[in-house]
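Chain IDs A, B, C and D follow the sequence of writing; residue 1 opens each chain.
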Amino acid sequence: MTLLTQKFRLIEEAIAAIPHGASIMVGGFGSPGTPFALIDELLAQGQRDLTLIKNDANEPGIGIGKLIEAGRVRRLVTSHIGLNRDAIAAMNRGELEVELFPQGLLAEKIRSAGAGHHAFITDIGQGTEIAEKRREIELDGRTWGIEPSLYADFALVHAERADRYGNLIYRGTASNFNPLMAMAAETVIAQAYRVEEPGSLPLEAIHTPCAFVSQVVEVTPATSEQGRRVHVS
Amino acid sequence: MSADQQRILVRAAREVIPGQIVNLGIGLPTQLFHHLPEEMEVLVHSENGVLGCRPRREGEAPDWDMIDSGGAYIATRPGASVFDSAMSFAMIRRSRVDVTFMGAFEVDEIGNLANWKIPGKFSPGIGGAMELAQKVKRLVILCSHNDKHGNPKILHRCRLPLTAERCVSRIITDKAVMDVTPAGLTVVDIAEGLSVVELREATEATLNIDERQLGRF
Amino acid sequence: MTLLTQKFRLIEEAIAAIPHGASIMVGGFGSPGTPFALIDELLAQGQRDLTLIKNDANEPGIGIGKLIEAGRVRRLVTSHIGLNRDAIAAMNRGELEVELFPQGLLAEKIRSAGAGHHAFITDIGQGTEIAEKRREIELDGRTWGIEPSLYADFALVHAERADRYGNLIYRGTASNFNPLMAMAAETVIAQAYRVEEPGSLPLEAIHTPCAFVSQVVEVTPATSEQGRRVHVS
Amino acid sequence: MSADQQRILVRAAREVIPGQIVNLGIGLPTQLFHHLPEEMEVLVHSENGVLGCRPRREGEAPDWDMIDSGGAYIATRPGASVFDSAMSFAMIRRSRVDVTFMGAFEVDEIGNLANWKIPGKFSPGIGGAMELAQKVKRLVILCSHNDKHGNPKILHRCRLPLTAERCVSRIITDKAVMDVTPAGLTVVDIAEGLSVVELREATEATLNIDERQLGRF
């Protein structure tokens, strides 16, 4: 693990650690919590054959939508790609391998990795197609599904505030998968709107303790343009 | 919005009791948001990680960090909280959501629900529907009684891949309000101006109807 | 579940819902986070044959130490009782049944219940006595232990601040098992130093969302006397 | 505190690198707290739910909500955080603690550790030792070389119930600093004034000793 004193990095340097073929968890549910700057840097650096793990595929031309469009994603583990017609088209053309999980199971598979478990045992999805794809176990007179933990080489997460040790605070619904992925990946790269000195974040308000975070980069707040593209009902 | 959809929403709003925690699925159920008075002490849960959301008021600036699971910018009401996706689904799996409203492709007599996949045609993912359907205390389906070709959506048995088995409590369509009971589907209310014969014709499922007890909506 | 509008209660009324023989999770690690007022009310009301689930047994004459001393606890599921010689003596006399788990597994068994899982699969304790007591499973070429979720009828938790819907904020190391137990028990009774109007707690600072909490009672801050009795090295 | 304990602590403090996350077990390891300079950027983890604790300064009032896992009132340093027990042990099981110091009843040649139970005599519980021992990146044992009856604690094989198998990296006693290697125990440092023969006599385990490389402490 990176020493506390060596986590504050330039974005180029942080992303350069990611090799071709890496598995990468990406925070965010829709736009909130999506680490747009880290994704853009990944796009610029050219890593390919990526496996991405993200709740959704963002939207065409936004976030990981750009990586999918550029043909850089080999496999996407996700819960829903309904807002990204390009991703659906790539999936249907066989250019993008998509593995779908119910959203709460996806979250828990990541959390299970983050907690250091090998798997968890659930009744979610029993009686549906989901159950056909997984190993089952008889326990206490019922049949349950076994859901293995989902690890990744890297996680890209977005926080509102951070300190240079890597403590993170999320805002609003931008939390979503970020704290789970921060625990589950081997190397965790966090972007934050503000990276402050240790001691400036209130103890009880820290959502992700710095022990889980490998590198912190400071980014400019996303323009409203990125937000505005999200569907408004 | 059509008059039929409006009728469904007005009827659905009567299902919510002050003090409850409510989840609104994507599509028509989301619109129920606008039928819950702001002063009513109800917390709307959205599975992306917020409890206590409300629609933005006219002219209220969007907060880019605050959306619901459908991607709409929302605001929050007093008593709200935000949390991560694990916490959000723990709430669902522990049945801490009192009532969930959801759309449907198909519902059947024993309360099976299909609303996530049409093999070969539509499979954008599962989202949170599976957990919500399986674990919520009370699942109310809001959908048109028939599809756009006039085919019944209230079936003897679902033919599409299931979202969850035996999960539905009540179905509210433009034609009827039906409860899933051990004896099958029991019609509670029938739409104004519709006859029992017309309702049965528009439905594949067998309907238990006691005309003396039938409400109108 | 209790309606949001009906959660703010008198302590007598909240505790009166607990029957003889109930299983009760009790928050706290040492003194911080221990719901002293709720425990004292339980002592006063006389419920017996209790199963308690708590990280530790507090100390003699403090917290659940009082319930053990009064012979009201039949069974204790815990991680460590080393600071309570009375509890050790009661265990050795066979008057108190004690089930011990490694602390992190105890936390996760409770969290697993709170997340609605049936069990989780772990390598913790493999190669030790712990593994001899539990069911194992072969997965991915290794032998793992299966740890079932740990539920309870009631949880007694302590928070620093609450609102009358039951949203909770913990302080310092008083968090510990409280948020986990609040998710795992059927009925959750929370004590807080301040019970405020909904809207007064910052959204992102709420640790336990009100959906998990059944009843909230307001209590006077614990005297320093209770704190001072904790061992100081 | 005895001179032997003091010697162990002074030697142990050299194991900590600025920027690390460190866990201190109950008993002697907790005292290491006082050997880490406050200006050193090290975060001490305590498994009851705090990262970044420090000893209270003289005259500093205790905060009743802030203890370490041994029950002592502690304070925090800049960069500290508090969290629940699940998060605290996730950190441990994910090996996010760089080094843990722990006491021992017995340690053996292959790095097995026994420090939680003496059947029939002592079994107050397990606490957090099992997860810490099994999952921490580097486990350093601080203990007396022999028990109060003079019996060796550094054994060929542990006889007491294990805390974890093959978990120990280094052992620091009043007599020696020993590393667990694939070839068994290798002595790194030997106490000032102690001969290799005396060390071997006080030890049940086979010790690999290269006198040319041996340090003193």
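One rule holds in what follows: a residue touches a chain if its C-beta (ideal position, glycine included) is under 8 Å from a C-beta of that chain, and two chains touch if they have at least 3 such contacts.
Small disclaimer: the values here were computed from a predicted structure and weren't measured.
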Set of chains whose contacts include both chain D and chain C: A
Chain of greatest Cα-centre distance to chain D: B
For chain B paired with chain D, centre-to-centre distance based on mean C-alpha positions, whole Å: 57
Cα centre of chain A to Cα centre of chain C, whole Å, reads 32
If you average the CA atoms of chain A and of chain D, how many Å lie between those two points? 36
Contacts with two or more other chains occur in chain A at residues 108, 111, 115-117, 123-124, 170-172, 175, 203-204, 207
Please output the residue numbers of chain B that touch at least 2 other chains, ranges allowed. 82-83, 86, 89, 92-93, 135
Going by the touch definition at the top, which pairs of chains touch each other? A-B, A-C, A-D, B-C, C-D
In the complex, the residues of chain A that touch chain B are 29-33, 55-56, 78-83, 88, 100-105, 107-108, 111, 123-125, 127-130, 160, 170-180, 207, 222, 224, 226-227, 230-233
Partner chain A, residues of chain C touching it in the complex: 108, 111-112, 115-124, 135, 137, 139-140, 144, 146, 148, 169-172, 175, 203-205, 207
The answer for chain D against chain A in the complex is residues 17-21, 41-43, 45, 51, 76-83, 86-87, 89-98, 135, 137
If we count contacts the way the header does, which residues on chain C are in touch with chain B in the complex? 1, 3-6, 114-117, 163, 165, 167, 183, 197-199, 201, 203-204, 206, 209-212
In the complex, chain B touches chain A at residues 30, 46-50, 62-73, 82-86, 88-89, 92-93, 117, 123-131, 134-135, 161-165
